[in-house]
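Both of the next two complexes hold chain A, though its partner changes from chain B to chain C.
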Partner chain A sequence: MADIKIGAYICKGCGLQDRLDISQLEMTATRDGKAVFAKTHDMLCSQEGVDMIKADLQGGDDAAANRVMIAACSRRAKVEAFAFGNTPTIRANLREGVIWVRPDEDEHKETTQEMADDYIRMGCAEAKAQEPAEASAEQQLDKHILVVGGGYTGLTAAIEAEAAGYPVTIVEKAAQLGGMTAQLYKKIPSCSPYADPQDTGIDAMIKSVEDNANITVHLNSTLTRTSGAPGRFAADISTESGSTTTENFGAIVQASGQKLYDPSGLSQYAYSGNADVITNLEMEALAKAADGGPIKRPSDGKEVKSVAFVQNVGQCSDEEDQLSYHSGWGDVVAIKQAMYFKDLNGSDCDTTIMFDNLRTPGAGGEDFYRSGQRKGITFTKADITEVIAGNELEVKFKDQILDNDTSMQCDLVVLDVGTLPNSGPDPYAPAAEEDEVVVNVDSILNLDYRQGTDLPHLKHGFTDSHFICFPYETRRTGIYAAGPVRRPMDLAQARDDAAGAAMKAIQEAENAGKGMAAHPRVGDLSFPSFRKEGCTQCKRCTVECPFGAINEDEEGYPVYNESRCRRCGTCMGACPVRVISFKNYSVETVGQQIKNVDVPDEFDEKPRILVLACENDAYPALDMAAMNGTEITPWARVIPVRCLGSISLSWVTDSMNNGYDGVVLMGCRRDDDYQCHFVKGSAMAAERMSKVGDTLSTLNLEPERVVIHEVAITDIQRAPQLINDMAETVDKIGMSPFKF
Partner chain B sequence: MTELNAAMVERYRSNFLKEVEANVEEGEWVKMCMQCGVCAGSCPLGNAWEHTPQKIFMMVRAGEREAVLNSDAMWMCTSCYNCIARCPRGLPITHIMHGLAHYAKRMGLAPKEQPTAKFAQLFWDNLVKKGRVNELKLGISLYFMNGFSEGIKTSLKMKDIGLGMLKTKRMSPMEMLGGHGVKDSAGFQKMLKKAQELEDKRISGSTD
Partner chain C sequence: MTEIVATNETILVVGGGISGMTAALEAAETGKQVILVEKRAYVGGRISQLYKYFPKLCFPTCGLEINQRRSKMNPNLTILTMAEVTDISGEAGAYTASIKISPRYVNENCTGCGDCAKAVELEVSDDFNYGMNTHKAAYLPHKMAHPQRYVLDPAIIGTDDAEKAKAACKYNAVDLDMQEENIELKAGAVVWATGWQPYDANKIQPYGYDRMANVITNVEFERMMDPTGPTGGKLLRPSDGKEAKDVAFIQCAGSRDKNHLLHCSRICCMASLKQSTYVTEAWGDDASSTIYYIDIRAIDRFEDFYKKVQADENVKFIKSKVASIVENKENGNPTLHGVDTEGYHRYATEHELVVLAVGMQPSVDKDAFPIDITINEEGFIEPSSENGGVFAAGSASDALDVNRAVQHATGAALRAVQVVNRVARAEG
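And now, the complex of A and B:
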């Protein structure tokens, strides 16, 4: 290993030269930061500036520098310009971090310069503590994609992945492909003019899959064991008859689909025991059975002359045992099925849709609704009181527009029931109460993971990670959920979803092959490793990893499945003996930055506030605040962290011991509607920090000196305010007594 | 119930929407209403009506024939066209309302004591006599619409305006004696008769 040679590069552009004493910064870099040289440039991000840095990195072990410390703008700016391959590159944020957040007045010049000097010291210290990240070389490229589920979503994912050049294996539980879509008579139109129901096209899809040599289909099969990690998944595919084959895969798409809500328990709809009260899925079978002729009702085969569609059955409800959410497609499906009657039974057939809130989402939703009106479907905003069975059914309802209780007679009632995901058991489900009836759900993936057999649920049993920022991502790396198992959706959405998940699976198979991280630190080559001799086998890392990436060996030591790892560092923050580290991110890389800040003595009356800010939300929020010119106290020193979950308690105690006056931790929202990019990191940090008050009391320090905040990327005004609040707190309670 | 009304009830049975679609001017638009209520909120007289257009359209769809045709709603329309301008579905609401008013009148179900309905009748009666509106007579018949004593009161109240109009030759007292009319009075009457025939045929004739 060659000696560490830090090259410090200080930019003079963007007003830095006017505001800061550049020659002093150079001196700080070489004298305090121990950089082998410090160079300046009028505009470092220009081709000329970048070429200057690149030239210094040439020559292998004889190169002028093997670490780059760039003192210029935020690490979030000029990312492409300052990319030097594997060379550790540190960015001291003098623009967004210093000159843009401090007023340009003579009285502030001194503290502004001190801020900049500190960021240079911190940058050099971090550069020194980092090692170049390299892939472990244990990785392999496996282009084989496993698709679990052979319905519309699974077939689409398979076709898309295969078209991109990746061989696919489909595992389908049923005896044939097509899933629920194969049971449909027609589908909601997916292209202009959105006027009439369309053929589902499922037969053609099944045929193209069956005819494709690169797509293997296993029917009547389930996964009895899935082990490994992205790039090297091994799945046992077992048939109903008991034979098992094991195959390897690079990534997995789970498209296990949906099941529909059973309305038997809702007596007001008279569903049980009445052949003429049917669900929306049974309606499809009825239309299929009509075979192009008029639709006949199930009880006596009478041609249907009037039909009522009762919307929101057992969904969108506050009642127990009903679904609190809406399927999204229920009303469009009712319009589609009412058109079946208009088309097959004649325009004289009365079709009434009794809705509460008519939802017709999607590009063609409104057009389709209009087409339904044009065809003479009656839409009634109604509160259904009850359905009375009989030869002629009676639907009693309250008309919500005319505000009267009324009823209608009809031959057939179709219930719009909602959707439930076909998810496996939730690894993080709370333990059942003693008297609680537990319904056992079959596992779908049978993952051989430390943390459960299936994908964790987000809400209502849907397997998503976070639906706003990261569609398809689940909390298990390399396994992507698509279709109605992820959230309620119709075919048009499922098609896009399947394509998206297939692309994600391909990306992950490729990244895993190169030893790179998946979303959100895409391309990161570092991975966690631990010093075995220091490990106490406490298992905290294996339990707390939000992605279930860490298994345990027989002796209880952690086994890092690095391609399952998202590089958030939550394990690092969990480790009580600090033996877990990444090459380019460790207790040391941040700890050294904290230690290298110049802490003036008590009589200078210059407090120091350490800010550890999540790189995903809080740090960009601070950058944006800087662009707006929002002031930040000159006492603050901000260090971006991968996730609040990676924060080691030692950083907080060390900074206190070093004489810092306050610590502000900024992570993402951590409740049920969490925004943490690593799911649990922020929540973990909050829990770990809940005991920091005790630590402070033992040091005779006020607990107010350490605060943890939830900061969103949109908190542009609030984020700097929180830092300034700490400055005020310090002003109130006084400086830390721990200064040298 | 008029004979025609009875025939229509018989013909359309319980399907009032179809009756409206077939017989009311622009009636085929009623089914396209999506009940958003923008028309009801836009109507400057909305508070004064028994039913807003939104409600009228819903009532048509719910088969409330009597209530719709007896309603004063369509007679209160001032044709300001706010609803047409704002309807997100592009329904010609004003025209539908007038169409319904006309149909209610034909069925003999229009409200009897409704002032605008009454005035409309006065206007029509005045117009068909000579093919020209006799403003003097129309004004006087409007004053006396609600009885003799109220007519005298209104006349006295309006006398200054009347005298002023006489002075400036905006009104001729000679109009009382017959007044002006179209040149071919017989032709005009013949035309009206033919139009009435066509209209009767349109409404009742299609099944005959």
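And now, the complex of A and C:
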């Protein structure tokens, strides 16, 4: 490999020339930073400036430079201009990081220049410690997509992925395709006009799948083992009769569907033992059985003349053994089923929907509600007291509008029961208490991962999913949940969701094939590797990886499965012996920056404060503070990190040993409403740092020299304040005794 | 002249809000060539103007940063700002789109240094803050604006101010001669993600939005509570700058109403629940929020958040469609009149500030859509095979919250990929 040749490029624009001694910076880059040359430009981001850099990178091993250190604006600015392919490119932030946060006065000139000089040293040190990232070719392009579940969502995912040119295999546990949708008489309308129930279309979907040569279907089958990683999953598909075939896949869609809540335990609804009190799903069977004629009640076959739809049964409830959430579709389904009676049993059939908050959202929902009103469905805001069985059923309730207790007689009662996800066991479920009854849930995927057999749960048993911005991101790379296993949803939403999951699956198959990371570091070619001779087989990396990417081999060494890795560096932060690294991010790339800051001796009275800031939230907050001109102490040296979880304790102890006076760690919120993009990284860091006080004590240092803060991207005032607070702390407790 | 390479394997995404960005990024990260056309001077759309998201109460700019970073890093994605699609012709796999690019008067030399803003004097209405304040006529739309490039308001073109901006720029970035451009692009598929606009509150006459300073909209309230917003994040009412501790939220302001929007806008209930937490956060036990509603539509797992807000003693719920608002001239308080339908009680209740939970009006121009497409009564694009290779994403398809818009947009990206992959196979 060619020698490391750092080209240092220093911009004079945006006021840098007015505020800083540029020739001094050049000297720092070549003398301290060991750059092979330092060049300046009036406007480095101009085409001319960029072309100058590009010219220096031409010529392969003979190129003038093979590392680029740009001292200009923040790494968040002019990203497109300063993109030099695979060449390690480091940004020393002199604009937002230095001149915009320091007052333009003579008395501050010296410390401002020192800041800039340090960022140049740090930039060169990082450039030197980085290596160009290259894909390992651990996996190849495998376009084959596995869809687990052959219900409406799974069929849709299969059809959509195939239409994009990707072969699909469906594994379905039951003896036929169609899932719960096949049990429906009709569906909620999914296109305009939203006036009447529509055919589900499930038979046509099943036929199109069966007729499609690029879609293979395994019925009566489950996954008995899934191993590998995106781009090279291997799945054992086993039939009920015991035969197993193994197939390879690029990515997986899990569409394992839902179960409906069983109301048997809720005695107030008189469901148990009364044929004429039925669930909404049983109502579908009843409507199907009517075969176009009037719907008859189950007990005696009497044609139904009046029906009560009791909403929110066992859901939206604080009671134990009930669901705290809502199905989202229960009220729209009740309207649909009330229409069955209006259409099949005549418009004089009394259909009453007893609701709490009627949830008919969107354009389709509200149109359908209005259509229901036009068809003469009665809507009563009711608090149900009980259902009394008998030849004629009685529903007792409080009418919320008339504010009185009343009741209704009817032939049939339909209970609006909610939905439960058909997910596998949660790998992160807390261990059961001793006397707790544990209900064993069958695994869906049978992953042979170190961290459990299935997708982690988010809430209420629904599979992991980013709550808002990135719904398909799960903690198991390349496996995308879709449909009601992910969150409660109706068919129209499941259709969209299946397409979205199929999109993510084909994307991941493609990117894994190129050795590229998945979201959020898409395109990153680096991957973690470890120095085996240094590894103590302590297993912390395999335990702490938020994505379950790391398995263990027979001897207890980590096995990385790089395409499962999201490149957050939590493993690197976890490793007590510092043997894990990425080519473009390692203990060295940050450690060398820390070591290359000039730490003046005690008598200079110039403290040094190390700030390690999450690159997605705290660092942008500091950038924006700089745009506002908010001052930051000249003692601070800020280093962006991929995630707080990647912070090696050695960075903290080394900085203390090198005479830094304080360390400020800024990461994302880490509780249940966590905002860490690597889910657990910030929390892991906090846990590790909770023990740092002991280390400081052994060094006879005050514990307040190291602080960890949760910082949001909106903390534009607070983030600089936290750094300045540390300067005050240092002022109070005095300089570190570890200066040389 | 803007030069862009586009072919029948290119995906054109119209609208750069959360849905458009998502569709564009998902396709680009699958290796497709994508051109994103955004009308505003920056991407991110309405989510960039939100203070917090429900139900996590986290910050939209956090996800925006990730998406902007993805955009900056991805060579497959080209973003055109201040650009609008004026016409589309052709068919799936072979479209030609006409695009009008309005002059920004600042070219890509801009370094974001801000010298032009310092030089000009004229202040213009700040659209990012829904006109609640003004900013310089040379401006960066907001702190995180991507592209990070200033804009000159057309109002200063031809004035001394414009010359001052030009003179202040050391990088020849200010180009006062910039003209509107019209370009044509090829595309195999089109993702239509033009999003929504807040329903015009002026049209709801009984609520007096146009007459009473202390009647504001939910989107304005978001800006007010944002620390970077017009009041620096302080809950102060517009009429007199007094602290507003007693706040009323009126649901379905324009939604579920045959005189206004027929549809339920889905997000407004959750948005008001969220905004009630802002009031409590600002004033603690002195806070009072009253939510006037028809139905609280906390869909599926949002129920948890509804329960959390219900548990806050400072938040009251009244099932009522407010009939009218009258201002108390003495103290500027709006007085709400109506009937509490639970028990049928009439009320006339004063509050210090009223927030209208205005609904989502789709930004889909039914009468001037650039190509034949199926649009429903409410103005949303319907899923239809007749739409060819044009696919709606996000709130162009229905009133959707962010999570569902992203979900929908990811699916829309796949449908666009299907078309361009077919083209690629045919072209071999």
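FYI, the second predicted complex is superposed on the first by the 733 of 740 C-alpha atoms of A that agree within 3 Å, B and C clash if a C-alpha of one lies under 4 Å from a C-alpha of the other, contacts with A are read in each partner's own complex, and residues count from 1 in each chain.
Note that in this section a contact is a pair of C-beta atoms (placed from the backbone, for glycine too) under 8 Å apart; a residue touches a chain by one contact, two chains touch by 3 or more.
All values derive from a computational prediction rather than experimental measurement.
K.L.:
Could you check whether chain B and chain C clash or fit when both are placed on chain A?
P.N.:
Aligned through their shared chain, the two binders clash on chain A.
K.L.:
Is the number of chain A residues in contact higher for chain B or for chain C?
P.N.:
If we count touched residues of chain A for both partners, the winner is C.
K.L.:
When the two structures are overlaid on chain A, which partner does A:A429 contact: first (chain B), second (chain C), both, or neither?
P.N.:
In the superposition, A:A429 touches no partner, neither chain B nor chain C.
K.L.:
Does the superposition put A:V559 against chain B (first), chain C (second), both, or neither?
P.N.:
After superposing on A, A:V559 lies clear of both chain B and chain C.
K.L.:
Quick check on the superposed pair: does A:K459 touch chain B, chain C, both, or neither? Answer first, second, both or neither.
P.N.:
After superposing on A, A:K459 lies in contact with chain C but is clear of chain B.
K.L.:
Answer with first, second, both or neither: which of chain B and chain C does A:I401 touch in the superposed model?
P.N.:
both
K.L.:
Give one of first, second, both or neither to describe whether A:T380 is in contact with chain B, with chain C, with both, or with none.
P.N.:
After superposing on A, A:T380 lies in contact with chain B but is clear of chain C.
K.L.:
Following superposition on the C-alpha atoms of chain A, which segment of chain B from the set 21-29, 39-47 or 111-119 overlaps chain C?
P.N.:
For chain B, the listed stretch overlapping chain C after superposition is 39-47.
K.L.:
Just which bits of chain A does chain B share with chain C as contact spots?
P.N.:
Looking at chain A, the two contact sets intersect at 358, 370, 381, 401.
K.L.:
Please name which positions on chain A make contact with chain B in the complex.
P.N.:
358, 369-370, 373-374, 376, 378-381, 399, 401-402, 406
K.L.:
Hey, which residues of chain B end up touching chain A in the complex?
P.N.:
Residues in contact with chain A: 17, 31-32, 34-35, 54-55, 58-59, 61-62, 64, 89.
K.L.:
Can you list the residues on chain A that touch chain C in the complex?
P.N.:
Within the complex, chain A contacts chain C at residues 13-15, 43, 45-46, 73, 76-80, 83, 160-161, 163-165, 190-193, 316, 318, 324-328, 357-367, 370, 381, 400-401, 403, 459-460, 462, 467-472, 487-489, 493, 495-500, 502-504, 506-507, 510-511, 519-520, 522-523, 616-617, 620, 624, 627-628, 668-669, 673, 675, 677, 712-714, 716-717.
K.L.:
Touching residues of chain C toward chain A in the complex: what are they?
P.N.:
18, 26, 29-31, 53, 55-59, 61-63, 65-67, 69-70, 72-75, 109, 111-114, 143-144, 148, 170-171, 226-228, 256, 262-264, 266, 295-301, 303-304, 307, 319, 341-344, 374, 376-378, 380, 382-384, 398-400, 402-404, 406-415, 417-418, 421-422, 425
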